[in-house]
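Each of the two complexes below includes subunit A, the first together with subunit B, the second together with subunit C.
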Partner chain A sequence: MNSFIMKVVRSVSAITLTLSVAFVIAPSGAVAQQNSDTIKIGGTLSLTGPLAPTAAMHKIAGEVYVKQLNEGDGLHGRKVEWILLDDQSKPELARTLYERLITKDKVDFISSPYSANIALAVMPVAERYGKALITSTFSMPKLSRYARHFTAWSVGPTPEVSIPTLVLDTLAGAGKIPKTMAIVTGKTPAADFIAAGAREVAKQRGVDVNLYLEYEFGTRDFGPIAARVRQADPDLLFVGALGLEGNMLLEALEKLNYAPRNHFYLYPSPGPLAASKLGANALATALFEDLPPMNQSKAASDFISAYRSAAAQANLPYQEADTQPAAMYSTLQTLTAAVRETKSLDDSKIADWLKVNSVETLIGKLRFDGPGNFGADLTKIKQVQNGKWVVVAPKGFATPGATVIAK
Partner chain B sequence: MVKNLTLAGMPRMARTRASYIFGVGLFAALAVFGSLPFFQPPAFVESFLYLIFFWIALATSWTILSGFSGYVSFGHGTFYGIGIYSVARLSEHMPLTAAILLAGILSAVVAIVIGAIVFRIQHLRGELFALLTLASTFILSTIVLNTPIDGGPGVSLLVSVPSLFGSQMSTLYLMGMSVALLSVAVAYSVQYSSLGRGLFAVADDESVAEAQGIPTFAYKLAAFAISAFLAGVAGGIHALFISYVTVGETFSITVPLYVLLMSVLGGTRHWAGPCIGATLIASATYLFVSGDYALVTKIAIGATLVVATLVMPGGIMGVVSRFRRINVDQTTAVAGEGKPISQPPGVGPAGASPESVLLKCEGISLAFSGLRALSQVSFEVRENEILGLVGPNGSGKSTLINVISGFYRPDEGHVFLEGRDVAYIGGHRVARAGIARTYQIPRPFARLSVRENVELAAMFGAAASNPQRAADEADYWLAFVGLADRADALPSEINLHQRKFLELARALATQPRLIMLDEVLAGLTPPEVSKAIDMVRRIRDTGTSIIFVEHNMRAVMELSDRLIVINQGKKIADGPPRQVMNQDDVVSAYLGVPHVAA
Partner chain C sequence: MNANLLAQSALSGLFSGGLYALLGLGLSLSWRFLRIINLSHFAMIFLAAYLTYQCTAIWKINPYLVPLFLIPLFFVVAALQQLAIIRFGIDEFGSIVATFGVTIVVEALLQLIWSADFLRLETDHLKGSMVLGSLLVPWADAFMFMCAVTTCVGAWGLLRFTYIGKALRANVENPAIASIFGVQSRRLSLLVAGSAGGLAAFGGVFIALLFALTPSQMYSWFGVIFATVIMGGLGSPLGVLVAGLLVGVSESFAMALVAPSWAPIVPFTLMVSLLTLRPGRI
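Let's look at the complex of A and B:
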C-alpha cells in the first residue's frame, strides 16, 4: 500500500472529499450573517463572465429592492435577506448553486438569474423542489414549460408577432407605412425567433421583405452585411440586435455613406446607441424608462433615485434606471406581492395566486394567465430623439409630447 | 544493485502491484462514490460532485491525446459539442444510453476523419495543430448554427431522465461519475500500454519515434479517437444536466481553455494529472461563489493558477515524479560496466553466410526542390559485414541513411532487405523489418530516462517485445554499452559520450539485422573513440550488419570490411578500404583536383 499510485489515489480522494465538505460548510456571503427570523430569498446572478455587465445592474436593483423592503416592515413583519451567489455566466454552475440554495441554505424563495439560458438550466431544479421561479429577462414563451415559472419580461405569449406588429403600427401611426423591410438578425435564441416572426408579420401586412440576413453571435465585422442593407435600401431596417451589434452595423453603414431611413433594434445597449449620432431616430423595445408616465409613481421614483445612487457608487458605466434593472426589481415586487396576498411562504399557493391575479410593478400591471404563464404584453417602443430615448408607443406609455419620427 | 525501473519510472516489480492497487482503488472509488445516492444526500452535493466528475472526464480525455503525445488541441469543444448536440437531438428517438453511446461514437468518427488528414502532414504540430483543431470547432459550430441541428434558437431537451434512487440528479451524478472513472481508467491503461509509451515518444521526438518502430500515425489516431469518444460521452451527459443547449455556450473557448489549464496544473504526462487539476480548479471555481466578492475571488484564483503554473511547469505530477526520481537516485547502488550480462533471447552471432546479401539498394535517387541529393545510388550490404560509408560533408550520406530508414521516400529506386522492398513502407515498418539507426547528434527522448529510452526501442523494434521482455532487453543493452549505472538518469544528465552510447543501446535494443551508425564517433576523445571502435566490433559479433558512416578515417579503416564513397549524391567507389581510398576520384573528392602551374 506504499505505492506511489495508491498515494495519488488517496490524495485525489482526500482532496475531492475535503472540497466537497468545504462546499457543504462554506459560508455564502450573506449567509454568514443569516438570522433564523429572516425570510431568505436566494439566487444567482452572472457577476463574472460575459454576462456580468448587465447582471451588475440586476444585482444593484435587487439590493435596492431588498433594502427598501427591510426599511419598511419586510415580509410578514420579518426582515428579508437576499443570498446572492455568482454563477459565473455558466448554466451548469447556476443549476448546482440553486440546488445548494434550496437544500443547504434552505432559502424560502428563489430569485431570478440573469439570461434565459441560465434560467432554463435552473428550471428543472426549481421544478424538482416545487419552487416558484419568477425570472427577469425570459423572453421565449415556448420554452417556458414549468408550471411555476413566471416572468417579469412581460412581452406577451407571442412576442414574435406582437413586437414586429407594434413596430409597424408605430411607424404607421406617423403615416409612414413601410413598403420594404430588411431583416438582419443575430442567430441567438432571444433574437432569432423574433426575426423569423417579423418576416411572417411583414408578409401578412403586405410589406416586402427585400433582405433577410442572419449573422453569428460575436460577429464584429458588419461590412458585408452593411453592403447588402445598402443595396436593399429598405424603408425599415429591422435588426435582431443584442448589445452593441446595432452600433457596429450603423458604423459599417456609415462607411458606405448610407443611413437607414427607419431602423429598429431588438435589445440594444441603450447608452451607446443613444449617445451615437448614428443612432438618431433608432427604435427599440423597452419595458421601463425613467420617463413620464412610467416614472410618476412613488415606487418608481424611489427606485430610480436609489438605483441611480447605487449605480454611481458602484461605478457602473451606464447608470440609467431603465428596462434591465426595472425587470429585476419587478420580479421581487411580484414575489412579495404574492407572499403578502397569500399570507404564505408556500410556493404552491404563491404560484396558484399569480396565475389568476395581476401585480402592479414598475413595468406595469403584470399578468400570468396565458400560455407558458406569459400574460400581458407590456412592450413599449422607444426612439432616440436629440440624443435621448423617448417612449413613442403605445399611446398610454408614450412620453408626453413625444411622437415617433418616421421617414 | 540497480533498481529495475519501467517506462513509468516505477520499480518493475511494483508495476504489476501498482496495476492491482489501481484496480482496487478504482473499484473502491466506484463503491464509495457509486453508493452515495443510496444515502440520499442533499442534491447539491451530487450536483457539485457531478461538475467535478464532468471536468475530470473532459480534462482526462484531453490529456490522452494532447498531454501524452504533445499534440495540443484547442478543439476539444468540437467533440464535447458533438456529444451535447447528439444527445439533444437523438435522445427523443432512442434510449438515453444508446444516444449517449452514439454521441461518443460520432465524436470518435469525426476525430478519426480530422486526424486522418492532419496527422499525415508532418509539419502540423505545435501551434498549427492547436489552431487547426480550434478551427474545427468554429466549422462545426457554424454547421450546427446554420442547420436544423440548432438553427439559432437553441435546443431544449424534452427527454425525461430516469430517477435512480428516487432522483434525476442521482442518475446524472452516477452517469458523470461513470464517465469520469472510465476516463481515468482508460488514461491509466493507455499510459502503461505500448500505446501510451509510443505517445510519450511522439511527444519528445516524433521522427525518432517512427524510426524506433512506433507506428506514430496509427497511435495518434487511436489516441485522438479515444479522447474524442470520452469527450463526446461527457458532453452527451452534460446536455441532460443543463437541459437547454445553445451554440454560443457549447462551442465557446471555455471548454478547451479549462481542460488545458486543468491538465497543465495537474501534469499532462500522467493519468492522475488532469484528475488532480480538474478537481482543484473546478472546486476552486465552484466553491467561491459569494456574490459579495465575485470579481476579487476570480482574480485571486487566476493569480494562484498563474503562480502555480510558473512554479510547477510540469504540473503537480511533474513535481511528484521529480521527487520520486530523486528518491530512486538516492537508493540506487551503482552497477559497474563490468557487470556480467546475460544474453537476451534472440541475440547471438549470426548463422548466415557472410557472402549472402542482406540489404540491396538499387538506383536510389532523391531531389529536394530540384536539388539532387542522391543520384542512382546502388550498393549492397552483406550479412555480418561492416560497410564503411564515407564522403565529404554534404555528399548525401545522411540522406541515404534517411532513405534506407524510411524517413524519406526516394523519387526512384528500391531498398531490398532480404529481398523485400522496404523503400516505401514507412519508417516504423522499416524499423520493425530490422533496420535501426543512430543520429549524428544524439536524439534521445528527453523526458524519458536512459532505461526508458532503451526499453521503448526494445518494445517497438524488430523483436517487438512485450513490456517484461523489453525491460530485460533494456537491461542487457545498457550493460552492453556500459550505461547500467546511469539507467535512471535523464538524457540531459549524462555527457555526450554517454548519449552516443545511449543511441547505440537504443538501436541495438530493436535487435536489428542492420544498424546504421551515423558519425557515432564525432566529438569523442581518442580513448573514447577506441572504446567505441571496440564496441562496434562487439556489435558485429552479435550477428548484426553495420553501415558505418564516419569522418574519422582511422576508425573507418580499422573497422570496415568494405567501403563505399559518395560524392555529390553519387557513388564513386566501392571496394576494399585501402583500395578505395587510393582511387584518384576519391582522393579528388576529399582533397580537390590538383592544378599544376605551367
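Let's look at the complex of A and C:
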C-alpha cells in the first residue's frame, strides 16, 4: 500500500515538475507546431511575473493580429507562426530566449517583448544577429542605440519635454494654469527621465515644483508619500506612475482625506484607475483608445471586436482595446508592412525601408526618421470622466464633446 | 520638518509594521518549531487574498465572515502539507526548495483562475478615516493593526502559558526527553503547521482588503517579511511584532525625512546590523 502511495505521489510530482518546466519553456499562444512552409516570428512576453498584467494584453493583441493575418493571405502567401515564450519578467532570461529563438528556432523575425527594460536587454542580441527589432512600448529615444530598432510607442524624439508640455497645455486650455506642481515618480527608466523633464518644463513655464519625490518600483506603502503630497498641496500632481502605483497613491491620499485638484499619471493601469472613484478627472497618456476618431477605421473596428472577444475569453478583468494592446498590434502591422513593401525577409532591407517610409497603424502614421529612429509624436492625453476614459487633447484626437475638466 | 507629517508617517509605519508582523508570524513559528522555511506561506497568503476577493466581490459574502471559513480551510491544507513534509523527510534546507515549488504552482494556479491582471476589492467596509487631533487614522489599517497586535500577543500568551506552548518549547529543546514526558511531536507539528496556515489565511484577508492583487506580487513581500522574522527572533511572536513595527516605522521615516527610494534599504540595513551585533539570532 505504502509503495503504491509512493508511486502515485512520485508520478504526481513528476507530472507537476514536467508541467512547470513545460509551462516555462514551451511556446505558448498562437503557435503550437512549427512548419517549414510558414514564416516564423518569435519573441517573448512576460506571461508571468510583475509585468504579466500588461503583457497579457500584448499576448492577446499579437494572437489577434496573427490570426487575422493568416485568415488573409499571410505574408508572401505563406502562413505566419508566432512562437511566443515566457520571459517571466526577467531581462536576463529574455536575452537567452531571444538567442534561442534566433539560433535554434531559426525564426525569420523577432517580435517585441513587453517593457522597456526587457527591450533594452534584448537589443544587443538583436544587434548581434542583425535582426530588426520593432518594440511595442519602448519610450526612451536616448537609449535606442541599435540602428535596426524601431518602436510603435510613438512619443517623438523628446518625450521628456513633449509629454509634460502637453499636460500643462491641456490644463491651460481649460484656463487652469497650475502655479504649483508636485512630481512623484517611480525610479524606473521609462518614468524617471520624463519626471526629470517635467521639472525642467515646469521651471521654464514658471510653475513652482514644490515637491519632487522618487520611490522604488515595488513600493507598497504610499502613506508617507501621500502625507508629503498633502502637505505640499499642489495645483497639479504629476505622477511618473507605472501600473497600479497611481491607484495606490490615490488610496493613500484618500486615507488622509485629501484628493488632488488636478492629477496626471504617466503609464497607469487604465482599468483600475478608471474604475476607482478616486480616479475621477485623472489625466494620463494615451496612444490609442476605442473612441472616435481613433476607432473609426475598419482595421481599428476589426481589431477592437476581435480583441474584446479574446480578452473576455482569457478572463481579463479589463477588456478595453486601448493603448497597450494597440501598441503590440501596431508593431506587427509595422513589420508586415515592411515585409510586404520590400518583398523580402531580409532584416537589413526591412530596417532600411522603415527608416525612410511611414506605416499606417492603429496608433496612427508611424515614422522612424528621427533620433533613435523615433519619429512623430502621437501622444494624446486622456481623462477619467464619469468612470470612463475620454481623450481630451490634442484637439484633433479629442473624443467628440469631451473637454478637459480642470480645477 | 513638520511635526504633523512626522506623526502621520509614524502612524503609517506602525500600520505597515503590524501587517509585516501578521504576515511573518506563521513563517516564524514554523521555522522555529518545525525547522521548516516555508516559502509557500506567501503563496498561501495570496491564495487566501484571492479567495477573499472571490467571496466578497463576486459572491457578495461579508468580508468579516470570510476568515471564519478560510482559517479552518487553510489550517487543514497546511497540516496536509506538513504531513507530506514529514512523510518525505524533508529537512530545513530541502524545505526551501520544496515550498518554493509549491509557491510557483500556486502562482500559476492563481493566474489561471483569476488572470495576471490587477484585481482590486472595492468594498464599503472600513472605508474612510477617523480624526485624532491633527492625525487621520484609516479605519481599515487601524482594524488590521488591532488584529495583528492581538494575534501576536495571543500567540505569545499561548506559547508562554499553556501546556501546548510549553510542550512546543520542550520539543524544540530536546525532543527525546520531551517525548518521555508525553509530548507527541507529530501532533504538535501538525498543530503548528495548521496554525501557520490559519495565520496565512488571516493575513491574506487583509492583503485583499488593503492592496490590489496580482499573482506575482507575493514575491515582493519576501524580503521585508524575512527581515522582520529574522530580526524578531524565530518563534517569538512579540519579537516579530516589535521587529515589524521597527521596520515599518523606519521605512516610513526614511520616506518622510529622506526620500521614498531609501525605504527598501531600511529593513535589510536593520537586519544586517542586528545580525552583526547579535549573531546568535537564528
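Criterion: the second predicted complex is superposed on the first by the 375 of 407 C-alpha atoms of A that agree within 3 Å, B and C clash if a C-alpha of one lies under 4 Å from a C-alpha of the other, contacts with A are read in each partner's own complex, and residues count from 1 in each chain.
Operating definition for what follows: a contact is a pair of C-beta atoms (placed from the backbone, for glycine too) under 8 Å apart; a residue touches a chain by one contact, two chains touch by 3 or more.
Being a predicted model, the structure only gives us computed values, none of them experimental.
Of the two partner chains, neither subunit B nor subunit C is touched by A:Gly387. Using the contact criterion defined above for the overlaid structures, shared-chain residue A:Met123 touches subunit B, although it does not reach subunit C.
Of the two partner chains placed by the overlay, neither subunit B nor subunit C lies in contact with A:Pro293. Judged by the number of subunit A residues each one touches, B leads among subunit B and subunit C. Once the two complexes are overlaid on the shared chain, A:Thr103 sits against subunit B while remaining clear of subunit C.
Of the two partner chains placed by the overlay, only subunit C lies in contact with A:Tyr215; subunit B stays clear of it.
In the superposition on chain A, contact of A:Gly271 is made with subunit C only, not with subunit B. Of the two partner chains placed by superposition, only subunit B is touched by A:Leu45; subunit C is not. In the superposed pair of complexes, A:Asp86 makes contact with subunit B only, with no contact to subunit C.
When the two structures are aligned on the shared chain, A:Arg95 is found in touch with subunit B, with no touch to subunit C. Contacts of subunit A with subunit B, set against its contacts with subunit C after fitting on chain A, overlap at residues 9, 16, 20, 23, 47-48, 187, 214, 216, 218. Across the interface of their complex, subunit A is touched by residues 10, 14, 17-18, 21-22, 25, 28-29, 32, 42-45, 47-52, 54, 142, 145-146, 151-154, 156, 167-169, 238, 241-244, 246-249, 272, 275-276, 279-280, 283, 285-295, 297-298, 317, 320, 324 of subunit B.
Taken in their complex, subunit A has these residues touching subunit C: 9, 16-17, 20, 23, 47-50, 52-53, 55-56, 89, 187, 213-216, 218-221, 223-225, 227-228, 231, 243-244, 247-248, 252, 255-257, 269, 271-272, 275-276, 314-318.
For subunit A in complex with subunit B, the residues that touch the partner chain are 1, 3-6, 8-9, 11-13, 15-16, 19-20, 22-24, 26-30, 44-45, 47-48, 59, 83-88, 91-93, 95-97, 99-100, 102-104, 117, 120-121, 123-125, 128, 140, 143, 145, 187-189, 192-193, 214, 216-218.
By the touch criterion stated above, subunit C contacts subunit A in their complex at residues 2, 4-5, 8-9, 11-13, 15-16, 84, 101, 104-105, 107-108, 111, 114-120, 122, 129, 136, 138, 141, 211-212, 214-217, 219-220, 248, 251-253, 255-256, 259-261, 263-264.
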